[in-house]
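Below you'll find a set of structures to go through.
Common to both upcoming complexes is chain A, partnered first by chain B, then by chain C.
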Partner chain A sequence: MAQDDHSGAELAAADSSHAAHDTAVSPGTAVITADSFENPGFPPHRPRVTDENPKREKRAQRTVYTLFYLSILGSVWAIAAYMLFPMESNDVGAVRLNNMFFGLGATLALLAIGFGVVHWGKAIMADVELVDERHPIGGSPETQAAAVKVFADADRESGFTRRAAIRNSLIGALLVFPLPAIVLFRGFAPQDQMPVELLSHTMWKKGTRLALDPSGVPIKAADVTIGSAFHVIPEGLQDLEHGKLEEKAKAAVLLMRLEPSELNPAPGKENWAYEGIVAYSKICTHVGCPVALYEQHTHHLLCPCHQSQFDVANNCEVIFGPAARPLPQLAIEVDDEGYLVAQHDFTEPVGPSFWERN
Partner chain B sequence: MTTAPSATAPQKRSFTSAASVYVNERTSIAGFVKELGRKAFPDHWSFLLGEVALFSFVVVLISGTFLTFFFQASMVEVHYDGSYVPLKGVEMSVAMASTLDISFDIRGGLFVRQMHHWAALLFVAAIGLHMLRIFFTGAFRKPRELNWVIGFILFILAMAEGFTGYSLPDDLLSGNGLRIIDGMVKGIPLIGTWTSFLLFGGEFPGTQIVGRLYTLHILLLPALVVALVALHLVFVVVHKHTQYAGPGKTQQNAVGPPILPIYAAKAGGFFFIVFGVLALIASMFTINPIWNYGPYDPSPVSAGTQPDWYIGFADGALRLIPPGWEFVWLDRTWSFNILVPLIVIGIFIVTVLIYPFIEAWVKGDKREHHIADRPRNAPTRTAIGAAGVTFYAGLWAAASSDILATHFSLTMEGVIHALQAVVILGPFVAYFITKRVCIALQKKDREIVLHGYESGRIVKLPGGEFIEVHQPLDEYDRWKLVSYESYAPLMIRPNARGKITVGQRLRASFSRWFFEDRIAPVSKGELESGHDTHH
Partner chain C sequence: MTRQKRRTGRRHPLATVALLALGLVFTGGAYAALSNGTTAQAEVDPNSQQTIEEGKKLFQANCATCHGLSAQGTDEGPSLIGVGAAAVDFQVGTGRMPMQMQGPQAQQKPVQFTDEQIQQLAYYVASLGPGPDIPSDHLVNGGGDAANGAELFRINCAMCHNVAGAGGALTEGKFAPPLTDVSGVHIYEAMVTGPQNMPVFNDLNISPEDKRDVITYLKYLQDNRSPGGIELGSLGPVAEGLFIWIFGLGAIVAITVWITAKSN
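After this line comes the complex of A and B, so read on.
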């Protein structure tokens, strides 16, 4: 057992717990008994097999350099694989081969170095264990006093404590100066827009045809058979130059047809459906995922993100999960060509709740 | 045995020595080498967890730098024209298209991308395990409380790094993740609507968010992580590493192999092992195959979507809220289905963050602690940790509630209700079981110290009685079992003005909770009298 020059004397003197320099420090509610065991000191050193058996040492040495040569082999293989497995054929299989063979070469290069160096450290390098003395983290009382004096001197010379008017006005200025930077954040979004206004309207308006997502083909009422469900966007969405995703994130709708007798429309919404065809916002009222899963025989909609469930037969009211509000309904009717159209925009903001919503 | 090979004075100056002289005369590095080079570094497998975190972060930096040369953080819509045939002609953002190019048109690109993602997952996981090690061994005690705080902030930053990176490819899955963030932000009272509006540069999803997250992901957050990692390591040097109790080890020494050469060899080699294992995973296992998900579109979503593992606890917390926790009051919407998870997670995080200060206040112990506890010797702390782990695990499992339901053919409602019970009752169960187990183990330790260990040798006494011979421990093994610190509950005493303050009452009740059923370590006297009575 190798030790530094402090160790012998120190270990003999050390008790079970704490240093002599710590005796002035409160141990709190720790129980310190006079009757505790003494530290027996280091156990006798046990030599490794490579210390005692030269053959084993030789073998360890061979293992280490073999690993390093293997690493070189791995690197060379990775470079070769880069060239041997090009990705020119538009074929996913080629990508997979390139990824795997290049990666395995790199793996060998890295792991062989790693295991080699660790083995060198554990089996061959001198099996030394050192003992360092710990010193109090706070430093010596002299150092602490000197630091206190530095601050005292600086305070006296600057007048930081004495000249309260200067100090307090500086603190005030320091508190105020970041405010202009905060104001700059208004520029993070277009300055001519207000969020509440935008959240309150969608692309739907009177006469907008319901169209298939994503093709944009308008839907005839006659094509919606009982039990079917369609993913719907407003006609014209696909032709938007700008803001297509933003509009879609508000206007996406699910269209379902039930037996008219199964629907229990809320008062005032009796004519929002057309012969059992109902349209509801697809954007979950919880945090805005698309409510994309429709269970035909129960008429339940399920949000795949947080499992909120909505009952289509009962105005899409929440029957389970963290959502609180029903999905907003889009009032629909049929135009004179037989296409499904909106009666008007949603009468409430769609999607997740927000503070100014009421 | 301390014979370090004595430096033979070179007759002719070698290149290395000339180079070191050159460097030293310009940097004064000799003092640094003298100070640190032969420091004893305590050794234990559990100390490697922090190294795994550090090394996987280095791999993240290296692989991430490569990716920045190819990734373009723009949400401009293009028609994909790369090698992946199924998506040819599909409209997507430049961010998504350049990520597909990294995967399908740049040789080795997919390898580096997958290594980056796997390394990030390992980074967060290793930080988590490292924190558990620190917690359960009490290595956060004085003087290391601040380093615990730094490390915990690093954990949060690592999750932020992970989430921002996950969002960059602008694929369907990450877009839905951002949609959830948007919904959560909007649910925050007063500032939510505007915060979301400014964050996304207008309406969700906008055309700004990927670029902004990219700046956070490759500039601001990495700078903070690098700075805090550096500070974290400086503190390790200042404090010296903790060590486990063992013969010869005291509160005033640090025992272990020297930094040069053995620790350097082991840690350096271990870096290559971590790197190599990540390379192996990256070459064999696909992660985040965005080409299967397609570009972000607010309308479709596939069932069974999962966030990266470290976001699971937050997603799970959202799922566990019962229906209807939202109402309009004072003409404003109060979304408690969002707020409650945020507040509960916030309280959990703050509690973990300040735990070292709570324990220090309860104990009132102002001494430095450099010997790591065995978890059983701090039963209440260990039980609190087990409760915290159970709480986190319950939230985390809830993020897979739909997959649990479909995989095990359970009802969605049943899974959610069961996990609600796990999150609320589980911590108490875990607390009591863990505490009893710790105390039982402590009693077992006492038993072994007092009566020795079972040797397996059965002896028939002259009277016909069979006994198993118990072998006494040698002093080295005994030391590991008796050298722990033990605390008694605080006695309430009036202060100088004859008053018992509320703070003191509180501290006393905490102290009773922590220490009332303490098991004291065996003392010398006990061992001697024990021997007398037993034999």
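After this line comes the complex of A and C, so read on.
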């Protein structure tokens, strides 16, 4: 350490002479050399109070070891708090107390070490300004020449440039090597069914009754009064043995009733609604969030994730936001007993776009 | 001269002000005590002709400008025939009506009528056409199943009102209000009548018992603090991110400045 010590003045002098030398060598077509920045060197050394006043030094020393003892206290407290405030399995409040007091102890333990070390370094350790010169990054000319020679020798001995057939086949092998890993991605999708098929069809089919989420009680057309919004699942979803969530994620539907005169059905979809009752997929065509923020007077549906807006009165066309397609409509009718049933499955895949989507 | 005169007077210069303040406090206090007493006793008979007459007078004086003299509706406000007593009790009882100004949606403000007047208004409007009635007490006192209510709330309400009932934004300046300090009866009435742009949740969609469960859940939220500590408005990642950006990064910057500053 002592070897590295330079006085500030010495360094400043060395630097300014260096700068003067540079301006002399410069060919100097530029006009800014006159006010080029000169290294001002170090500011005058200002001793700390702990250097001049032994009392203050003692005090700083006390602060540092107090902080370290505080850290020990924090650690011990964290252990004690874990036992004093046990996590009861049925009490969220107990978990909160446990976490909070344990965390306070652990925080104190770490913070006190950190503050103590920094304060030690700033107030008590030796206070000298010094410069560590940056060493040149490149090696010496001999080292560089030796490295070039190693490469040349390796190329000559292995024949990497000369034996093109071997080299190219190796490059080919390395390029193909990652492909099996890509194939493994297929394993994320169900193995026995085609993912495109799964994305293209839902549980809805001709005659499936519309049922209330979560009870599964079928809905009569007369139940749906004007201004209502029903959250709908296909009847029978609750009885599924497995894959219930997957099916629900595709088949969830929002059922709304408007004044029939307010609906402007697209050509070919005139009989998809029943007396102003319309059913639309709840899965946003952007990235698949549930779109269910329904405003009964403006007939706007808002997706809470990215603020796409759909106009229920106009076939759920996108009127704002990043969604690219209208929400798919579920064609509905009424069966003999007055219950709302689907006419058929959605005629297009619900939810966000995917590669093979037509 | 005048200064001398004032000083020689026996009364303190502020005595009049003090006397006035005292008088006002007494009058106000007595009025508050009396009026509290009368509203607590207010028992309005929904079917009596007198109630309906009183309600009609109140309606014509306070509501008819927008809703029409016989509640038939005008260009400024919708018809109230068939909205029922529940709608009036909600809109007037939460201070949304009479409306302060036309806008994206009616804003809440201090209630303009006494409980008795609100009931008279409600039963007058109910007499114009059948509609949902003010719910009975056992449905709104929060004695139901909070777990079932929470599931129904997440399915039917949470997308607009936030899963913790903190409210949220809708389109074009409309918003779903927070439910953190709404009374049970007003929550029930909002579900059956669908005020502003809220959809209607009739008794065949969410049965009265299920509505009681939803209210029980909201009461549970109102009465129990969040187990996670400070909620930051329960607004989700935006509020939490802002908090950590300001206070977390702020603390890091402050510590960095301290570490690099030269000791005194």
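Throughout what follows, the second predicted complex is superposed on the first by the 292 of 358 C-alpha atoms of A that agree within 3 Å, B and C clash if a C-alpha of one lies under 4 Å from a C-alpha of the other, contacts with A are read in each partner's own complex, and residues count from 1 in each chain.
Keep this in mind: contacts are C-beta pairs under 8 Å (C-beta built on N, C-alpha and C of every residue); 3 or more make two chains touch, one makes a residue touch a chain.
Computed from a prediction, not measured in an experiment: that's the story for all the values here.
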Quiz item: Of the two partner chains, chain B (first) and chain C (second), which one does A:320 touch, if any: first, second, both, or neither?
Solution: both
Practice problem: Mind working out whether A:353 is in touch with chain B, chain C, both or neither, as first, second, both or neither? | Solution: first
Quiz item: Which holds for A:123: it touches chain B only (first), chain C only (second), both, or neither?
Solution: second
Quiz item: Which of the two partners, first being chain B and second being chain C, lies in contact with A:153: first, second, both, or neither?
Solution: neither
Practice problem: Could you look at A:304 and tell me whether it touches chain B, chain C, both or neither (first, second, both, neither)? | Solution: both
Quiz item: Where does A:41 make contact in the superposed view: on chain B (first), on chain C (second), on both, or on neither?
Solution: first
Exercise. For A:246, decide between first (touching chain B), second (touching chain C), both and neither.
Key: first
Practice problem: State whether A:100 touches chain B only (first), chain C only (second), both chains, or neither. | Solution: both
Quiz item: In the superposed model, does chain B or chain C contact more residues of chain A?
Solution: B
Exercise. Look at A:275 in the shared chain and tell me whether it touches chain B only, chain C only, both, or neither; answer first, second, both or neither.
Key: neither
Quiz prompt | Intersection of the chain A residues that touch chain B with those that touch chain C | solution = 92, 95, 100, 118, 122, 213-214, 231, 290, 292-293, 302, 304, 309, 320
Self-check item: Residues on chain A engaged by chain C in the complex (per definition of touch)
Solution: 46, 48-50, 92-93, 95-96, 100, 118, 122-123, 127, 212-214, 219-220, 223-231, 256, 290, 292-298, 300, 302, 304, 309, 320
Quiz item: So in the complex, which bits of chain C are touching chain A?
Solution: 151-152, 155-156, 159-160, 168, 170-172, 174, 176, 194, 196-202, 204-205, 227-229, 258-259, 262-264
Quiz item: Where on chain A does chain B make contact in their complex?
Solution: 1-4, 6-7, 10-11, 14, 16-19, 22, 25-31, 33, 35-37, 39-43, 45, 82, 85-87, 90, 92, 95, 98-104, 106-122, 125-126, 128-134, 136-137, 185-186, 188-190, 193, 195-196, 198-199, 213-214, 231, 233, 243, 245-246, 248-250, 252, 282-284, 286-290, 292-293, 302, 304-309, 318-325, 351-358
